[in-house]
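Labels A, B, C and D are assigned to the chains in the order they are written; within every chain, residues are numbered from 1.
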Amino acid sequence: MVGGGLGSQIGVAHRVAACMDGLFEFSAGAVDIDPAKGHADGIDLGLPKDRTYGTWREMLHAEMQRSDRLDLVTVATPNATHFEIVRAFLDSGFNVLCEKPFTLDVAEAEELVRLAREKESVCGVNFGFSGYPMVRQAKAMANAGELGRVRVVVMEFAHGFHARSDDADNPRIRWRYDPKQAGQSAVLADAGIHALHMGGYIIGQSVAEVSADFASCVQGRLLEDDAALQIRFSDGTIGRLWTSAIAVGQMHGLTIRIFGEKGGLRWRQEEPNQIIWSPLGESSRTLERGASGLHPIAAGGSRIPIGHPEGMLEAFANIYSDLHAAVAAARAGERTGATEDFPGFSAGLEMVRVVQAATASSKNRGQWTPV
Amino acid sequence: MVGGGLGSQIGVAHRVAACMDGLFEFSAGAVDIDPAKGHADGIDLGLPKDRTYGTWREMLHAEMQRSDRLDLVTVATPNATHFEIVRAFLDSGFNVLCEKPFTLDVAEAEELVRLAREKESVCGVNFGFSGYPMVRQAKAMANAGELGRVRVVVMEFAHGFHARSDDADNPRIRWRYDPKQAGQSAVLADAGIHALHMGGYIIGQSVAEVSADFASCVQGRLLEDDAALQIRFSDGTIGRLWTSAIAVGQMHGLTIRIFGEKGGLRWRQEEPNQIIWSPLGESSRTLERGASGLHPIAAGGSRIPIGHPEGMLEAFANIYSDLHAAVAAARAGERTGATEDFPGFSAGLEMVRVVQAATASSKNRGQWTPV
Amino acid sequence: MVGGGLGSQIGVAHRVAACMDGLFEFSAGAVDIDPAKGHADGIDLGLPKDRTYGTWREMLHAEMQRSDRLDLVTVATPNATHFEIVRAFLDSGFNVLCEKPFTLDVAEAEELVRLAREKESVCGVNFGFSGYPMVRQAKAMANAGELGRVRVVVMEFAHGFHARSDDADNPRIRWRYDPKQAGQSAVLADAGIHALHMGGYIIGQSVAEVSADFASCVQGRLLEDDAALQIRFSDGTIGRLWTSAIAVGQMHGLTIRIFGEKGGLRWRQEEPNQIIWSPLGESSRTLERGASGLHPIAAGGSRIPIGHPEGMLEAFANIYSDLHAAVAAARAGERTGATEDFPGFSAGLEMVRVVQAATASSKNRGQWTPV
Amino acid sequence: MVGGGLGSQIGVAHRVAACMDGLFEFSAGAVDIDPAKGHADGIDLGLPKDRTYGTWREMLHAEMQRSDRLDLVTVATPNATHFEIVRAFLDSGFNVLCEKPFTLDVAEAEELVRLAREKESVCGVNFGFSGYPMVRQAKAMANAGELGRVRVVVMEFAHGFHARSDDADNPRIRWRYDPKQAGQSAVLADAGIHALHMGGYIIGQSVAEVSADFASCVQGRLLEDDAALQIRFSDGTIGRLWTSAIAVGQMHGLTIRIFGEKGGLRWRQEEPNQIIWSPLGESSRTLERGASGLHPIAAGGSRIPIGHPEGMLEAFANIYSDLHAAVAAARAGERTGATEDFPGFSAGLEMVRVVQAATASSKNRGQWTPV
């Protein structure tokens, strides 16, 4: 793992998720930008001394020479560093899981996609919420035609944790709204694209065109802390997205609603073990994780019986489980590709393109902009 | 009452709401377009024979000559007829409550507003959901500055009752999507403006500008059955609205979320007796209709004790109760006006303007359009 | 109406409910124990001067002599006075709706039941929550065998409005826990029997035997403010009841869950427009008031369309609507009886018996006691 | 680990939970009653060949002689075998986590408690739901006096997975209701004691006395599939428990409500990341896992940020984390004991006593029975 040392929220999640099913072990890392802290944290986190590195470059060189080199490198560093690190590991033949947002601009993302193809590496971007079993049930239902042609997808990821007027002065939050550090977008790139990715993942379409309305509600911010996107997906489905960081009181803001010719479906991260499924003309029903009759991909991603809740870490663990299968298949010489369940670099690239198009659209007062 | 005979959904609601508090009686009516059915329905509904009229013109002429003429005329006829009927009753000095949408175009609405001012009549448009006590609590909280400056208002009114692919052939639904009968907008004018009115009502601002994205999801429809609006209110607050008639499984789609500098607030028609209020930096709390500590306007609009649900009819009854107070004040020679709680003709006009601006914006690919 | 003047919570509910459908008018009353206040309140409430009475006896004598005597007398006085007032009106041939609890002891209740039969009057006890359309849907489902044999009914009615330690000194609450004024039971007789009645109403069984555990949680109380009952219904179904007045934070405490061989069903007053119905081996579904496919009695008790909430007043109005039909049938010389939808005096008697048996059981440390 | 091989639901949960925080590793096991399957499963589960045992006795003998002997032995075998296995490992000085129910009778449980004291071993019983951070927040609130004296605790654990009438013939379910295999109680010992343990855990009291009502709803069952218990805790708090296996449609049946002098509190496994806290006389508020201001024990048991759900496996992991701390403390020569957060053998013994007392009470028609 690169990044994700002590004090990092996402680092814990990666370590727990990767190891949950006993498929991966946390074996090596350069977990902090500060080499001394990185060493100390690595030891604290149980890494052997000789695989606790001060920098990712040191890690790359040392691991390349090991026969037991890492099966997968997780990159959980600040956004602006993803490109350089991922490229270097890819170049040396490693498989990589990169945190989102993938890169800061489209050109970088395209280069990584190209490189990943060339190297035939297993590459993922951590749109980890797509690992929830009931999100996968939704995808399987859509794919099986159970919803009919999908008309509208309503997506939202809204929280209120950047809502204080004096947050503009808080260094832990300020950088997120500073274009120099965060790129061209704040809340869309940080939160909104999770919901948008999930919408496209479920219906099996990519984003074709967007019209965006960005707002900076807290004075002094240069990037948006609230945004709405209107979307046309590749097969004509309409998308509506709202994302916010100033929505005080919203905790569990990740919600997806899909409306098709044959029925409507709702999933919320607040109740991730259920889908509300409303067949046209019938009463709504609650589909439960662990129940009989689910699609195999939803049944397979469950660890504990119906009625007991699984959470976000189990969803992330499903992504790692998919990656493990892909790594094993690649090693066995099998081609992997379009049928993979986990979000790959192309998903990362698509979302970077969406962010760029939405930013442009918002600057052009909502003009529809191709992705 | 004009319109609202047997078989009309909204007619029942008006009669029950108007009479609930014993302030009005249902005394006269021309309740159907078919004079014979109108007579028969009126008798069935308990009207005296001599005040059961075949047409609204007949009703107008007869009532004008009575000393006990109607205190208030409710107009619940098809949308296209509102203008002519309301104008005639206004002209003769009656007070009027008109169903929404107020009129089919802005010019008509402006004329009615002008006429109402000239006549100093008591005039309302039935944005009846604004009668819910907890909606009024929200308005009072916003007005008292408890939310701080309001940043974003997220509104939605989405149902799935026009989602069948063969609804395009169903005469009971088809007319709603036919510009000749329904005007320039379907789901926005029918459902969405309720949510939009409520948003502006709570924060005390009018709509300044809109960018709209309309979609006709069911083949063969000429008007929109799904729409998203981005909004700028008069004091700069941002609005986000989604409205739909194809959202299968959505029942109770009327939801308002308000996010201010000092906290966030949510109200849903599904649980109309509660507000979720999230003060910045504190845990969310549930405010209950009937609890102590509410603002007087919320306390005053309650009939039964805390813990037992009131519903839509009680909300409408609060509108009628406001109208009764205004009629009494007018009769006593008091000026009424800006401080009224119920939505007046100016609210009706504003929403007609919004529909026109949104329709234009959507045709211009989302161009921001002043209201 | 006897009792229920200004300041009475239940009086408003009766007046609104009785008049909601235009079937009854509020025509006469002795609405307060204080004749002067009763007169004044009656006038305020819109009664004609000559039918605003100072005492119920005065009202009885005057109304007996009128040709337009009252169709139905609602008795909403303090519990201890129900017996005398109801008996007197019955004796003179009036139809009566009595508030619950019906009487303070079994002997009184039995005499009223006997008298009601003899007089062939239309007589109800206001277990008004049984008027909710979806409660009636539940009854119709049970009756049609859709639940199979019912195994267990779990009932609860718990609130927290008598939870203050100093409530023992509050005169407005103290009397409820004083055996001289309230009889042998407090929270069971006041709240719990609503839930218990509803359980039996839905499954069509009466209570055969109870084992009770009463507790007085607030110091200084002589009667119970929290109680649990174990129940055997007449056909062997098991009942579990919890009722409380010290359950701080519980608002909408009236909940009924029914578990049969073919499925489970839940209704909560907090969401009175829905039933959650869980057919054995299938996913749970949400049945909505106003949807197609409901039983006629549920469909008939609805006033407004699906998706908009009805509340408690509409439920009570259904009871009045039933009573109106029974009065009309009686007047037309038709026998009414066991098939009536509204709770009659026999239901009132049954609940008085339950209260007596439960009180005895609790004193005997939970001994099973026949009802 | 003894038991919990492939196909075992609880085995997976133990392995994931034990290893989640990197504190324990799954190092040795005899995971099936069938030695061959146990060997195969152990290998499949990643055990080294030399620590994959055919029987628990074999495992005991081999591990005793290793310098790297197991830090903790998890016993997840059928209930009737717990006593013998736990005793043997204790006798040889191992620390033990035993699945619930602890033993089949009180004498066995008492012997294990005695032996654990004598050996000064770290011993737990897996009432794993007490590991949820917000359950621990509830305990800390009660302990800090924030609820005042606790008056009533209402507990429930009800599901519907044994509700089929033909389940009596299903061998996978039948044994649970067969006294020879399951002991004296079915649903109480299997499910109900989880809720009951949690109630006592939160309020810091033990069960003093019970009155029980057992029912066998599915024909042919000898043990109860639905039960209600009335409880007196050691300091006089009243308890109400309902547990069921025939409650069709109930999924997430584990719910605890606590009512004290100063407020009420609710936790449900369905929404395990929240507590609803209702201070007396104020509006209810939602406390969120991960929010600031929680008690340290709740804050400490969290892995991911506020707003993202944790589930049952994370709760179990907290139990393992507590056990790890206790093992480390014991090894360092520190006395551990009453201040431990995890449920120990004494909790296991208490629940066995409750089951025995409740069974006796139910047979004696609800007679109050000391525990």
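In this section, a residue touches a chain if its C-beta (ideal position, glycine included) is under 8 Å from a C-beta of that chain, and two chains touch if they have at least 3 such contacts.
This structure is a prediction, so every number in the text was calculated from the model and none was measured.
Chains that count as touching both chain A and chain B, per the definition above, are C, D. Annotation: C-D is the more contact-rich of the chain pairs A-D and C-D, by number of C-beta pairs in contact.
Per-chain Cα centroids separate chain A from chain D by 35 Å. For this pair, chain A with chain C, the centres built from the Cα atoms lie 54 Å apart. Centre-to-centre separation between chain C and chain D, using Cα means, comes to 42 Å.
Looking at chain B, residues 277, 284, 288 sit in touch with two or more other chains. Interface residues of chain C, counted against chain A in their complex, comprise 277, 282-288, 291. Contacts from chain D toward chain C in the complex involve residues 151-152, 154, 158, 160, 163-165, 211, 213, 215, 217, 226, 228, 230, 238, 240, 242, 244, 246-250, 257, 259-261, 263-266, 276-281, 284, 365-368. Those residues of chain D that touch chain A in the shared complex are 9, 12-13, 15-16, 19-22, 26, 45-46, 159, 161, 251-253, 269-273, 288, 303-314.
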